[in-house]
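Just below sit the structures, each encoded as structure tokens.
Here come two complexes built around chain A, the first alongside chain B, the second alongside chain C.
Here is the complex of A and B:
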């Protein structure tokens, strides 16, 4: 038996992991979520804003990390729309612009059609220059942004009136997949102007341990990976979700992506734990046998 | 037959059989994309705002936008009215609804919305599905399908970056500063007509040309000058930022009370005050424990990385505690990484099962029946 497990083809493990992820997706398994402190802090930061307050949504991710960050981007935009905040979208990643457009099409235009482009939301698009862009726009936005993402002159957009730098924003929300991302926003914006710029973020799992040291002074709230997205999504839906006559949540699937993707996470993590335990049992058993010889 | 060949044969047969089964059992097909074709009329209305530049800026708005500003669009000349055809993604469910009796497609009036099957987007879905499967075949072993997917990905990425770099960096950040009127006429109609030539930007243009010199057969050393400039600028920028954001700020964040007192709450959740009106505070065990852990963790990890003293005795034991903290941190980072990778796998499976095979439908895009009832027929049980 021990020999069998020791020489097990790794492709069986891949198959098991594939099934552990695929079956919960096919059965659409969902598990209850309990929001943690950090997700609650992010929610509270947005919740305490008033109607008409200005929010910069920096979408620094691409389709490669959409699985983790897409649901939190959706929840952020939904929350801002529900609160009737003025949304300024921008991206430091080239494909971030497409992620912004996707959010505008799927959420703002689809479910909040009363919001008017240029008055309630604006897409400033992608700007090359990584952290250099942040460094410039904290003091002077017009140097880099002469037009919006669609080529429209910035000074012809009503909601850009009086926005000469991003310190005019009441909150900065960053969805980050790596460099440049939340770390650079903390380093180049928050640290430079701690009184003027307040930042919350959502990041991939790989980045999360690197960002925890900034909590809570430089970063009041952080959504870490798909777990953070699911928790925040629940908070948003608990407050703003549509309910049927019986008070049961009746929401569109696009607003439940985070919670839905926690199903495969749970099963895959259980499998991972079992594999680690099994691997250790095999290792120690073998060691003991060698010792007996 | 070798073991590896047998695995490949099984993977291919099982994959083809499942696809064939799905094809046979899906009466409405799968992997199809639909679009909504509409006509949009836009109106060019003059702005009523006074801008600092006094620049006359007209805005293109739709009917709702014009109505919002109480502008009568019937007074506009024909040149200020534009009609364009737009195509946007729609769903199979919407298409079926439009095709039904009294649906949108029964309206044959010119300019009415139409829901259509999109061949190009359907090919896109199938191409993406096969590319996903080709990449996943690497788990079985390196193979030509994986190589094809990898090569396409690299080629597309390189091409995309070149185009993005040209249109988002060179054109707006360099050429538009030096020759604003030419760029406005050619590529960026939204640029201000009051823009002036900023000749200072000739310096980055020259530096950029010097950087490309390394591709020339002679004079490669010329590229070292702009490279030195880039390195110098970034070193200065990063050094200052790191010192402020990480070094000093982290030291400040590490100076925290080990005995934490928090405001006491009454039964109704309000903060308690004493007779003098001061907030009543009490010892918080968990907050204190967290702070103690934080401080001990920082100090012991620092000791571990302090190599000027041999790690023996008290220093050695402290460093050992530091290792434990580091190991727990690495474990947490590994856990997060696993979570991230599983999420990536999950979204690819979701794409295959939802957009391509139509086995699930969490967003209610292509099912007319309840989504869960689709899985059983796939296995021939429904």
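Here is the complex of A and C:
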């Protein structure tokens, strides 16, 4: 038996992991979420804003991390729409532009169709230059952004009136999958103008430990991975309810995606713990036997 | 000349950035340098694309191991580039219906968007998702409590893994209120906010000092490795 586990083909482990993820998805297993302090802080930062306040939504992620970051991006956009905030979308990742478009199509256009492009939201699109872009737009936005993502002149967009730099934003929300991302926004925007720029973020699990050192002064709130997304999603849902495109209650919709994805995460994490325990039992049993010989 | 001019540009740009940070009068100089940087970053995409193509074509012509993958990479790159640049199949913009190229390269219904939605997006998500399988396999084979440090790491991993899901509260919420801090969720948050933050800050300060030292070497022209070997 010990020999079997010692030389266990890794395809068995792959199968177990596949099942651990697939079964909760197929059964739509959901577990209760208790929002933590950091998710509450993110929620509070947005709640503090008033109707018409300006929010910069920087989507620095791609389809590879969409599984982890998509639900929080959805919740952020929905929260901003519910609060009737002016949304300025931008991306420092080339594919971030598609992520923005996805949010605009699936949330703004689908469920908040009264919001008008150019008056309530604008897509500034992607700009190359990583942190170089941040460093420029904190003082002069027009140098880099002469048109929006669709080629429309910035000065012909009503909501861009008076926006000469991003210090005019009441809040910056960054969804980050790596470099450039929240760390660069902290280092090059918040640190430069701590009185003018307020930032909250959402990031992947592997990034979170690197961002904790900036909490709470430079980064008042942070959603760490799908857990953070599920907690924040719950706060938004508790305040604004579950709604579908017709305004009806919707228990399975896109606004529950974070909590839905916590099901596979729970089972996968438990499996990981069990695998580590099993691996260690084999290791110590083998070691004891070797000692007896 | 080939090395001295870039060296001079780097040194001037670097010093301008430092001066611009500390002297408000020269702040606009720094902004000009940063705009140059952003322009160069855009041009770097062209260089990057050219380099990618060069490497893949070299692999194909040499018929080395895995040259088939190079064919796929080069073909995918060229297809996306051509479709995007030439706006193949893009419907005209509604305001300029008589102009065939007036629509956006990724307009709804365009082949570029179709390829992004049905090829690029699932492929990238698949690569990322595969991590879970390899991490599980590695956890079973390599994560051993061989010494005290490894045992502490293992214990921390358990707390974080369980504390980041509903399993943690489920297993530990029966702890009495007097030891509520030992419940999985608050304990995992405590580990992240105290131990992790302390360690991360120490590493960050170390990196910052190292970066400052390397930057100084570049600005003074001592470290010229970024200019390449100069052989080509």
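Keep this in mind: the second predicted complex is superposed on the first by the 282 of 293 C-alpha atoms of A that agree within 3 Å, B and C clash if a C-alpha of one lies under 4 Å from a C-alpha of the other, contacts with A are read in each partner's own complex, and residues count from 1 in each chain.
Note that contacts are C-beta pairs under 8 Å (C-beta built on N, C-alpha and C of every residue); 3 or more make two chains touch, one makes a residue touch a chain.
Quantities reported herein were computed from a predicted structural model and do not represent experimental measurements.
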Query = Thinking of the overlay built on chain A, is A:8 touched by chain B (first), by chain C (second), by both, or by neither?
reply = second
Query = Thinking of the overlay built on chain A, is A:270 touched by chain B (first), by chain C (second), by both, or by neither?
reply = second
Inquiry  = In the overlaid three-chain picture, which partner chain does A:225 touch, first (chain B) or second (chain C), both, or neither?
reply    = both
Message = With both complexes overlaid on chain A, does A:187 touch chain B (first), chain C (second), both or neither?
response = first
Ask   = Between chain B (first) and chain C (second), which does A:213 come into contact with in this model arrangement: first, second, both, or neither?
value = both
Query = After superposition on the shared chain, which partner residues are touched by A:151: those of chain B (first), chain C (second), both, or neither?
reply = both
Message = Looking at A:21, would you say it contacts chain B, chain C, both, or neither? Reply first, second, both or neither.
response = both
Query = Can you pull the chain A residues that chain B and chain C both touch?
reply = 14, 17-18, 21, 64-67, 127-129, 132, 135, 144, 150-151, 205, 208-209, 213, 224-225, 227, 265, 268-269, 272
Query = Taking the complex as given, what residues does chain A use to touch chain C?
reply = 8, 10, 13-14, 16-18, 21, 31-34, 36-37, 62-67, 95, 97-98, 101, 127-130, 132-133, 135-136, 139-140, 143-144, 150-151, 205, 208-210, 212-213, 215, 224-225, 227, 262, 265-266, 268-273, 275-276, 278-280, 283
Query = For chain A, which residues count as touching chain B in their complex?
reply = 11, 14, 17-18, 21-22, 25-28, 64-68, 70, 94, 105, 116, 118, 126-129, 131-132, 135, 144, 146-148, 150-156, 158, 161, 186-188, 190-192, 204-206, 208-209, 213-214, 217-218, 224-227, 252-254, 256-257, 260-261, 264-265, 268-269, 272
Key: chain A partner contacts - residues on chain B that touch it in the complex   = 7, 47, 49, 51, 53, 55, 57-59, 64-65, 68, 88, 139-140, 160-161, 164-165, 168-169, 172-173, 176, 188-192, 195, 237, 241-242, 244-246, 249-250, 252-253, 329, 332-333, 335-340, 342-350, 353, 359-364, 371-372, 375
Key: Complex contact set, residues of chain C against chain A   = 27, 30-31, 34-35, 37-38, 41-42, 44-45, 104, 106, 116, 120-122, 124-125, 127-129, 132-133, 135-137, 139-146, 154, 157-158, 161-162, 164-167, 169, 185, 189, 192-193, 196-197, 200-201, 204
